[in-house]
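If you scroll down you'll find the structure; I have some questions about it.
Each chain carries a letter (A, B, C and D) given by its place in the written order, and its residues are counted from 1.
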Amino acid sequence: MSPTEFVSVYRAVRAQSLELTAHLSLEDMALQSMPDASPTKWHLAHTTWFFEVVALKKWHADYEGFNIAYAYLFNSYYEALGDRQPRPLRGILSRPALMDVLAYRERVDNALQDWLQKVSPSDWIQAQPLLVLGLHHEQQHQELIVTDMLHLLAQNPLLPTWSPPSIRRAQQSSVPLSSAPLAWLEHAGGVQMVGTNEQAGVFAFDNECPNHPVWIEPFAIANRLVNCGEYLTFMEDGGYERPEFWLSEGWARVQQDDWHAPLYWVSASDKRLDFCTETSQAQQGLASDWSVYGVHGLQTLQAHEAVTHLSFYEASAYAAWAGARLPTEFEWEVLAQAQQGAASSDSLQDLYGVAWQWTRSSYDPYPHFKPMTGEVAEYNGKFMVGQLVLRGSSAFTPLEPFAHTRATYRNFFPPAARWQCTGLRLAKDKSTL
Amino acid sequence: MSPTEFVSVYRAVRAQSLELTAHLSLEDMALQSMPDASPTKWHLAHTTWFFEVVALKKWHADYEGFNIAYAYLFNSYYEALGDRQPRPLRGILSRPALMDVLAYRERVDNALQDWLQKVSPSDWIQAQPLLVLGLHHEQQHQELIVTDMLHLLAQNPLLPTWSPPSIRRAQQSSVPLSSAPLAWLEHAGGVQMVGTNEQAGVFAFDNECPNHPVWIEPFAIANRLVNCGEYLTFMEDGGYERPEFWLSEGWARVQQDDWHAPLYWVSASDKRLDFCTETSQAQQGLASDWSVYGVHGLQTLQAHEAVTHLSFYEASAYAAWAGARLPTEFEWEVLAQAQQGAASSDSLQDLYGVAWQWTRSSYDPYPHFKPMTGEVAEYNGKFMVGQLVLRGSSAFTPLEPFAHTRATYRNFFPPAARWQCTGLRLAKDKSTL
Amino acid sequence: MSPTEFVSVYRAVRAQSLELTAHLSLEDMALQSMPDASPTKWHLAHTTWFFEVVALKKWHADYEGFNIAYAYLFNSYYEALGDRQPRPLRGILSRPALMDVLAYRERVDNALQDWLQKVSPSDWIQAQPLLVLGLHHEQQHQELIVTDMLHLLAQNPLLPTWSPPSIRRAQQSSVPLSSAPLAWLEHAGGVQMVGTNEQAGVFAFDNECPNHPVWIEPFAIANRLVNCGEYLTFMEDGGYERPEFWLSEGWARVQQDDWHAPLYWVSASDKRLDFCTETSQAQQGLASDWSVYGVHGLQTLQAHEAVTHLSFYEASAYAAWAGARLPTEFEWEVLAQAQQGAASSDSLQDLYGVAWQWTRSSYDPYPHFKPMTGEVAEYNGKFMVGQLVLRGSSAFTPLEPFAHTRATYRNFFPPAARWQCTGLRLAKDKSTL
Amino acid sequence: MSPTEFVSVYRAVRAQSLELTAHLSLEDMALQSMPDASPTKWHLAHTTWFFEVVALKKWHADYEGFNIAYAYLFNSYYEALGDRQPRPLRGILSRPALMDVLAYRERVDNALQDWLQKVSPSDWIQAQPLLVLGLHHEQQHQELIVTDMLHLLAQNPLLPTWSPPSIRRAQQSSVPLSSAPLAWLEHAGGVQMVGTNEQAGVFAFDNECPNHPVWIEPFAIANRLVNCGEYLTFMEDGGYERPEFWLSEGWARVQQDDWHAPLYWVSASDKRLDFCTETSQAQQGLASDWSVYGVHGLQTLQAHEAVTHLSFYEASAYAAWAGARLPTEFEWEVLAQAQQGAASSDSLQDLYGVAWQWTRSSYDPYPHFKPMTGEVAEYNGKFMVGQLVLRGSSAFTPLEPFAHTRATYRNFFPPAARWQCTGLRLAKDKSTL
């Protein structure tokens, strides 16, 4: 990619972040609903700070920092880059105002483009990987803007309708794939290559590298995600009252936090339904016992849609109830790789674009794993404990300019996390079919 | 007061609430810095809900509620009036937007004025006390808007300057009274009348009633508040390191929360000073080791100004260190009553308008105390445990249209509270002079 | 009191502490059930340390400390006397063993008696008040041994029967006074003297001093304590579900801790009843819906017995429900003083020896209050915030050699405390009778 | 194994549990130092309950339960077996007394042996695996008795010396292997078989099964454990102050809990050293800056001894500092397997009997993992999330009658756990040597 080509992609990514905020108010963008989530305003500033740190401050001789405090306010978790605003307190920052953050974005955008017009070839060679990383980083935060904002709005008793224009109605695909009959796709296992390597032109995060062999036992994997109707059956069969399906920590969480349905399911007796305007209720025709809250508001539960916003614990309990299990991350990956050339008749559905799929694999480093170096050394590696791998991508995952949908992509969250767009796909040992 | 006269005062009070927000952004007004504090937007809506509940819904036959959810969102603590948004979660409400809250205010203002144009004399007799209470209530929240916003801004590493136009620079009175030489005003004690009664034309909260005799021992009280210079001497003498001055719970708090100065004092080594713009630092001329943050920004500590934003524990420890004690609420009251006609030469200074003054009196009910009835029964009485009485008023207390500055006024906060504009005045037993 | 006389009383108090432990195992005496309670072993050591600190180390030239660590382990809360084992961690001390603590008691007892045989008159004059204080202190801890042990045993699903021989069956007095018809004793109020002064031969804690006038409004007080039958009626009338009776903090506690009866009431559906041996259940004849756990085990609720182990919040809510209020500490005191010479026909019953009686008075210092000096300066004064005064004494209060039953005695606990033997007596304004 | 042979082994295991308690007092055995640890008395009862549940209640027709409450008190975590005493509250059970627990053990021992004398062959076939499991279970708890008691005593400012006779002085092996020069043993990797299968005569827990192939990259592993001298160098090089070595959660823990050395290291400035008797200090010759507390009391740090009582976070940080990494559990296993027939010259030292060795492997289920069935289904599987695998065994691991020292054994603890006898062995990718 030449500097000029980069600028074009850069502009697209940066604009996409702002487009996401089209229907949001200053107030929406300033608030933080929980320590794990961040305000939209913070995301917009943090992604900007990233470019400032990895490029401008190093290579742009004349670059003058926008504000000395921003390095403190918008550093996320990079110990090597200095102190920072504590994560749980990102939501007490009414200043800088959004307008200031937008001005900061503009200053950095302009400075970066100025510099790229005159960058030396040798600097460009060094800078390019970091700048491309910055774009992938910003796309990751675009998904977080959606999930964090959805979580904030879901805490509001008014259950407001957001309807971000750039996010399709996640659960209303024209072809509701999760209603297809459940089928099992088999794989013979053996030594398989997984992961990827850094190559010119193909981006990958350090945690996906390197490409390496693993041994996989013969297995089968479901052709589609578990859907809401199936999950409702699990619930009606006492899923949340029967400890035999649950991991010990998951069961403790069910008790402690009184979980009895996926995060955004709203029961017909929920008092918040009184606060929705009559019009929207009529439109939604809340005939069912359950409705589901999402970025497009409250909708009657649709049995054929993929169940989402589940913790690993719930995914695992469902699988145990269903007499199956979750796939390992490598089972998922080798079948996803195999599907790339497969005929559509037996293909895996919903691999990407519906819901991140919990796997039964802890987020451990690959053999020969090497973290990135320099300012971005802390990007992925230091989180490799206590989390589970998710594969695929979700309805909130950006598709352009870089599709975050590749078979080797490793997403990861703690087992109790529910605010991401997470679902599950079943797997089985081949011998138990 | 006639309905017409009331409308005039009502408009003044309501306008005053909005004037306070002149320099605030939507973002400032939406955030909550801690469970004890509320967003400005919430205060604006809650005071409106109060009029809706105590008047419109009862007497205005045609009044149509603005939004069914607002009774849930903006009820503060009235159990009898239904469920409500939990206090610590007032700050996750990005909706309703401020614009919606302003429209709500306008709707209620209009409906109330419409109704008052045609109110029957008998309804007016019943409604007037509640409506007047509503105005005093709103003025109380005006002070809270200031203290809560100041607390929010103080959490911000940028230490922003607010400069609300309607609040004078609290610590920069033209006559810096707290620099007067400390003198002791004596009182002979004996049976004294304290408190007040409900009388036509003189407003008082239920917790100030009824007027009743108390026995007071001879005592002396300081002519002025403790100032920053004196408090700094206490600190330099190891005030925060010597348990002998502290109540047990206060000392525990010092350890636990690492208190070492009043809430808004900023030491010269505080990293936040780096984030202030150079200009303002130069203007402020931070020559001292300490500066003080307030609604007008950061200012060099002025030795002669009253020390503020202290907990009861700190006030009590200072008094012990100084070989004195805090006054009881009745000592304060009888001397304040006595001063009303006194010659200025020996008068008590700073009784009102500088800082609420911690007393050594727990907030217990008066003999024959009767809570108000009806919707407002929970206004004061149910908080009468675990709090301390403060007397006087502060620089943030509204003076108009009703001056919240009367000798019988009982303010109250828990002993660890520091975010109110609180200070102290010393007292002594007469025999120890 | 001469040194010889003192030794005789000293022996009696010290023996009494050990007698309390007659039916306890080493295991019982080592455990701690919550931060507010202490192991029996700790109480036995702490009271011994008290004599070591206030007398032996000061006046006994040859006294050799038993163990250098004990000053750390058994200092309760005296900041001036050095660091100490954190209160919540008193229960992780399996060492020193009880045997070591008993040896420590013996060493101190012997050393003290040795020294008293040869004490100079001038030393004796100085030491006597502190030594007498030590005895009262130890008697206070005798009551705590009972309440803390009862709390520990009550956490045990076996609900074991302790039956300490020196504690009468608290609620089974031969004359069940609390079944007398409720009557109101009136008092005309006015200026009354309360409190006491330090006088030769009459012991009082510093917090009861000095004697001073107070103004009291005319009032009436109930002739007896509220009994279990009455309290049950309150419960059956929704007492724990109706916020209108409760102080705000009390209601929050009811919700948070799921209070629905006094601390040691056991409902017929409680699973712990399965763990009681059949024999004892038969003996108890658990015919009622409720039984009450106490130092003599589980007993069927007796309607005429005083209700005990209530928080101030519950006492206050009951009084509100009953259309009455709690007495102030001075109302209680002046009527108790008045009763000392009164005819029995209209006398106040259960003043002492049944349950400490919550008053509506916060624990504030008296006018001219002066803490004790020296090592014991922290004895009472530093706790004078956030607590409520209780008057009277309980079934667990030692009667000998010093009766802790005097009209001026001020006990105090935080408003949520329930593990002490606390009950209530109603009062009313005279005008409302 | 015949029933008769079983009885012999059973007696040995049961006696071994009691032998561990030889130097403990009733008080030692009743206390609980933290939620993760249990009282010795509880361990003695729980292991007995296990035999009651898995055998006596099922097959012994005449067996009469010792106490109906014990199923509640001594069930550890088996949801299917009913409610239970909450884990953090095991330490408030002064009753049943140790004597009762010993009687319970005797009753169960006798009943089991009675039944085994007459057990039918078919019952024996079914019962044997569960009974053998019960013995391994009890041996696991023997190690926990040591680690839990050590943790309790370590909280005691007296730092008492326990000296359990059956535990060798862990760090004082006659051949201090950890002082050998560090050397790297290489392995060529490839497809390797790990895990084991259930076979007649060879015990394994379900989590070690089944035997299955894995692909392993070429690697090297250290010949010995990291020793105290090496770890001290890490500390002196700022190990606990430099975030670059730490996983993110580990670094947070270092800050939050103020970690600055392994759990039981005691610095020369520690005030607890004052409480040790002079004699023992003299004997120990505390010449060094650090001493180490253990079951045999306080000893001067010995540089050549293995460092123990480390969290996974610390082990991982040390490895990063040392330019190495932790081995995966399979690297450890294949090399341990390979060593079984190897010549001693290049053998892995300290594989067993010194310290459990943290691996870089999360505790995930093996392919085809099947939990045990029936009462013991919850034994291992439900804990397979959020924990790390440890391999080897420790100085506290029983060697007889069953050696818990096999290459396939998977121990597991959360990454912050420090109270187990845990250490580390370094590994490297072969390519980086």
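As a working rule, contacts are C-beta pairs under 8 Å (C-beta built on N, C-alpha and C of every residue); 3 or more make two chains touch, one makes a residue touch a chain.
Remember, predicted model here, so these are calculated numbers, not experimental data.
Undergrad: Assuming a repeat means more than half of the contact pairs shared by residue number, which candidate in C-D, A-D or B-C repeats A-B?
TA: It is C-D that repeats the A-B interface.
Undergrad: If we define chain centres by averaging CA atoms, which chain lands farthest from chain C? Would you check?
TA: A
Undergrad: If you average the CA atoms of chain C and of chain D, how far apart do the two points sit, in angstrom?
TA: Chain centroid spacing, chain C to chain D, equals 45 Å.
Undergrad: Indicate the whole-number Å distance between the mean C-alpha point of chain A and the mean C-alpha point of chain D.
TA: Distance between chain centres, rounded to whole Å: 38 Å.
Undergrad: Quick check: how many Å separate the C-alpha centres of chain A and chain C?
TA: The computed centroid separation for chain A versus chain C comes out at 58 Å.
Undergrad: Touching two or more other chains, which residues of chain B qualify?
TA: Where chain B is concerned, no single residue meets two or more other chains.
Undergrad: Answer with line, ring, star, complete or other to describe the graph linking chains that touch.
TA: It is a ring, because the chains touch in a row that closes back on itself.
Undergrad: Let me know each pair of chains that touch one another.
TA: Touching chain pairs, listed by label, come out as A-B, A-D, B-C, C-D.
Undergrad: Of all residues in chain A, which touch chain D in the complex?
TA: My answer: residues 77, 79-80, 191, 212-217, 243-244, 246-251, 312-313, 316, 360-365, 367-368, 377-378, 382-386, 388, 415, 429, 431.
Undergrad: Touching chain B in the complex: which residues of chain A?
TA: Within the complex, chain A touches chain B at residues 25-28, 30-31, 33, 41, 68-69, 72-73, 83, 85, 89, 91-98, 152-153, 155-158, 160, 271, 274-275.
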